[in-house]
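Going in written order, the chains are labelled A, B and C, and every chain counts its residues from 1.
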């Protein structure tokens, strides 16, 4: 930056108006820079907020107590522990008592001192967040803290359990399975349809009204709000075709229609990037258009097509609104076993959790967001890596 | 026939089949658009046979589920309008400013780092934005309003509007960045050669040239804001409220659609079908915005003979 | 290094004095120690084969090369007894006094009137209204465009033909009242008739302005220029009255270029 002194004395280039104009130009530049900084700062703040809210969820609190296994406690698990502990131990853990004895019969008629899952309010108290504990329960926990009988462990429940009305028992697993099934349907439908449409438009169609009509439709489809696809799914797939509500089948089909435009546009770009000389060489050898396209153009365009499809997949993974409309926000404790079962997907699970009153759900939601964002970032990174790796310089 | 001819005939048949399959695939996108239009239209018409269309678009009271239920959508349109305006008031200056800095002032290394960062903003799922709006932004606004003696609800329009604005920033900045860079360098040279400062060149020469593209980007942002669901479902109110106060709670078209469909009413009740009536309005408005936006971009492309857009 | 002395320098005032001007694009040494005097109210043509540095040199005279970040400049360009590369000079103010016309006509996406009026108003040379109208008319007259556009001043500048657009750009440049006008191949994108008009215009304009023009068309240099400078590989090979350069060059390289042995 050259100094702008613009001095008056003996300077034939001196211009009085320039100081003001430079000041104005500087203000303008500062405004644009501030805007940019704001955008970046928001992202940083947002990530910090989510990570700080979500990280505590990866650990969960356990209490060291005596557990009695006998006939009485199997029938009513409240009797497995001393009365004072009943409110601070997780109801879900107690519920599982009969199953524990079934799997380990040698526990019968013994009393074990073991680490037991704590109630969600205890967990939140121990982590220093907002909690709702009765005074005597709080005093009990303080005592146990002093005795070293309270500890946090890695929260495998989060990854292995499905949703639950008991906060400390709720996990992301069934949502993850639901997402996988739904997205499989999405890609099975959207990928072939999208690529075939792109091939038709790029290689086979002429520039006539029919082609332009299709292109206009694709452009419009890309801009339709996602919630309206949900209405389509509800009216046609569920009501008209009678498919099962909130199933990965309906969810997948609905998302497939939403993902089509992205796959079409990126596949077309990939096909267009293949130079014409490749095609000409094929024709010169006497091959038909389909042979040229299938054996020569398509393989070269494939990396680009794959990249675009991965990006489409990532977008579909984060979609919530249309799936809510077709019912995928039911309470789903067990992971779906087929595409016809009722299921939920990761973003919908986050939506459901964020509406729950217990504070523990806030950190679970934030943790779920971290998992979802990590998957999305990985997908995008893979897409970018593929694009760079297979980038052929014609 | 010789084997050569039969093989040819077989190949011709296969090729015809393949070509037909390709055409059918292409038609699917057309079918989808029309499918959406017709399914929404069909159900919306059923709704309008139960309730007055005129009252729907001019009525001031939206009270479903009661004796003598009324379905006047004006408060809902107003709520959508207020939240969208807040979003655009944030997104357009910030998005355009960011685009200008990146395309006119930043060095190419800075640009290479910053452009992907803004793209990350675009990739965040809206449910995540909604969580952020409800759990972090809304309480902050309540507290901030309190310190200056104002009252804000936890469902303030401001909370969802601000977060929606942030979500739209990349839409505006990305397209604006492309159109600004498409303005030919000869324009800048001419301006600088006449003794204008860089700021004057950008403000008075480059931006006006890029204006059709910038308007197009804003319309796309507007369209996206109107159709946005998750942020408002999670952070905005459920109560139709005709008010200009951004600290109050109000509801939008998309929230009402969701609520009408996840309720306990039968599918063929006016309560449920009202969702399709609102959906129809949303469809038409976003379609019109999209068409105008595309036309503006096409004009811009013709003017500067660009293909990168 | 200049090889060739100006004989009739006594009657001519020096407007621009260049001394030991060096320029690097990063590591690439593009201009080597250029020293020369440009005379007031004369047309000086810069000729030479592609890549010889004539356009780069031209851009040094109004500090347009400053816009390229990898550029490093050494030496001095003195105009009106002041080196424009001095630390206390605002390069934006330099460009008001030293205007530039480019190879491709580049009118602003504004009306014809606005194209001419914009910069003078920004500089505060005239106020909006009658004063400005007069300046616009004066500038358009001087660039020979007034009669053709006086009835359509509000039409966009881009609606004119190529040659008219270039004359509009010239009008725009003289509206800020410069003293020197730099022209970078002003007619190479135009048809012969427009070229003729612009060349006639240049001869008119030199009465009031000092004109320095880059041209790859030697016949044009011969037609309009009083002085010609021949550049080759970033060096100033020869600088003399046009007639001398073309009829009796002192340097063999100049002669080779003139006679078309390379180009």
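What we mean here is this: a contact is a pair of C-beta atoms (placed from the backbone, for glycine too) under 8 Å apart; a residue touches a chain by one contact, two chains touch by 3 or more.
Quick caveat, the model's predicted, so the values are computed rather than measured.
Student: I'd like the most central chain, judged by C-alpha centroids against the all-protein C-alpha centroid.
Tutor: Central chain: B.
Student: Taking each chain's centre as the mean of its Cα atoms, which chain lies farthest from chain A?
Tutor: Centroid comparison gives C as the farthest chain from chain A.
Student: How many Å are there between the centre of chain B and the centre of chain C, using C-alpha atoms for each centre?
Tutor: Computed from C-alpha means, the inter-chain centre distance equals 50 Å.
Student: Using mean CA coordinates as chain centres, what's the gap between chain A and chain C in Å?
Tutor: 60
Student: From the C-alpha centre of chain A to that of chain B, how far is it in Å?
Tutor: The separation of the two C-alpha centroids amounts to 21 Å.
Student: Could you tell me which residues belong to chain B and also touch two or more other chains?
Tutor: Where chain B meets two or more other chains at a single residue, that happens at 197, 200.
Student: Name the residues of chain A that each touch 2 or more other chains.
Tutor: 18, 21-22
Student: Which positions in chain C touch two or more other chains at once?
Tutor: 92-94, 96, 122-123
Student: Please give the residue numbers of chain C that touch chain A in the complex, ascending.
Tutor: Going through chain C, the ones touching chain A are 66, 79-82, 84, 87-94, 96-97, 122-124.
Student: Contact residues on chain C for chain B in the complex?
Tutor: Residues 62, 64, 67, 69, 92-96, 99-100, 102, 104, 106-110, 118-119, 122-123, 169, 172-173, 176.
Student: Can you tell me which positions in chain A touch chain C when the two form their complex?
Tutor: 2-7, 10-18, 21-22
Student: Chain A touches which residues of chain B in the complex?
Tutor: My answer: residues 11, 14-15, 18-19, 21-23, 25-30, 32-33, 35-36, 39-40, 42-43, 93-98, 100-102, 104-105, 114, 117-118, 120-121, 123-128, 130-132, 134-136, 166, 169, 173, 197-200, 202-203, 220, 223-224, 226-230, 233-234, 254, 257-258, 261-262, 267, 275-276, 279, 282-283, 286-287, 290-291, 294.
Student: Sort out for me which residues of chain B touch chain C in the complex.
Tutor: Checking each residue of chain B against chain C gives 107, 184, 186-187, 189-197, 200, 204-205, 208-209.
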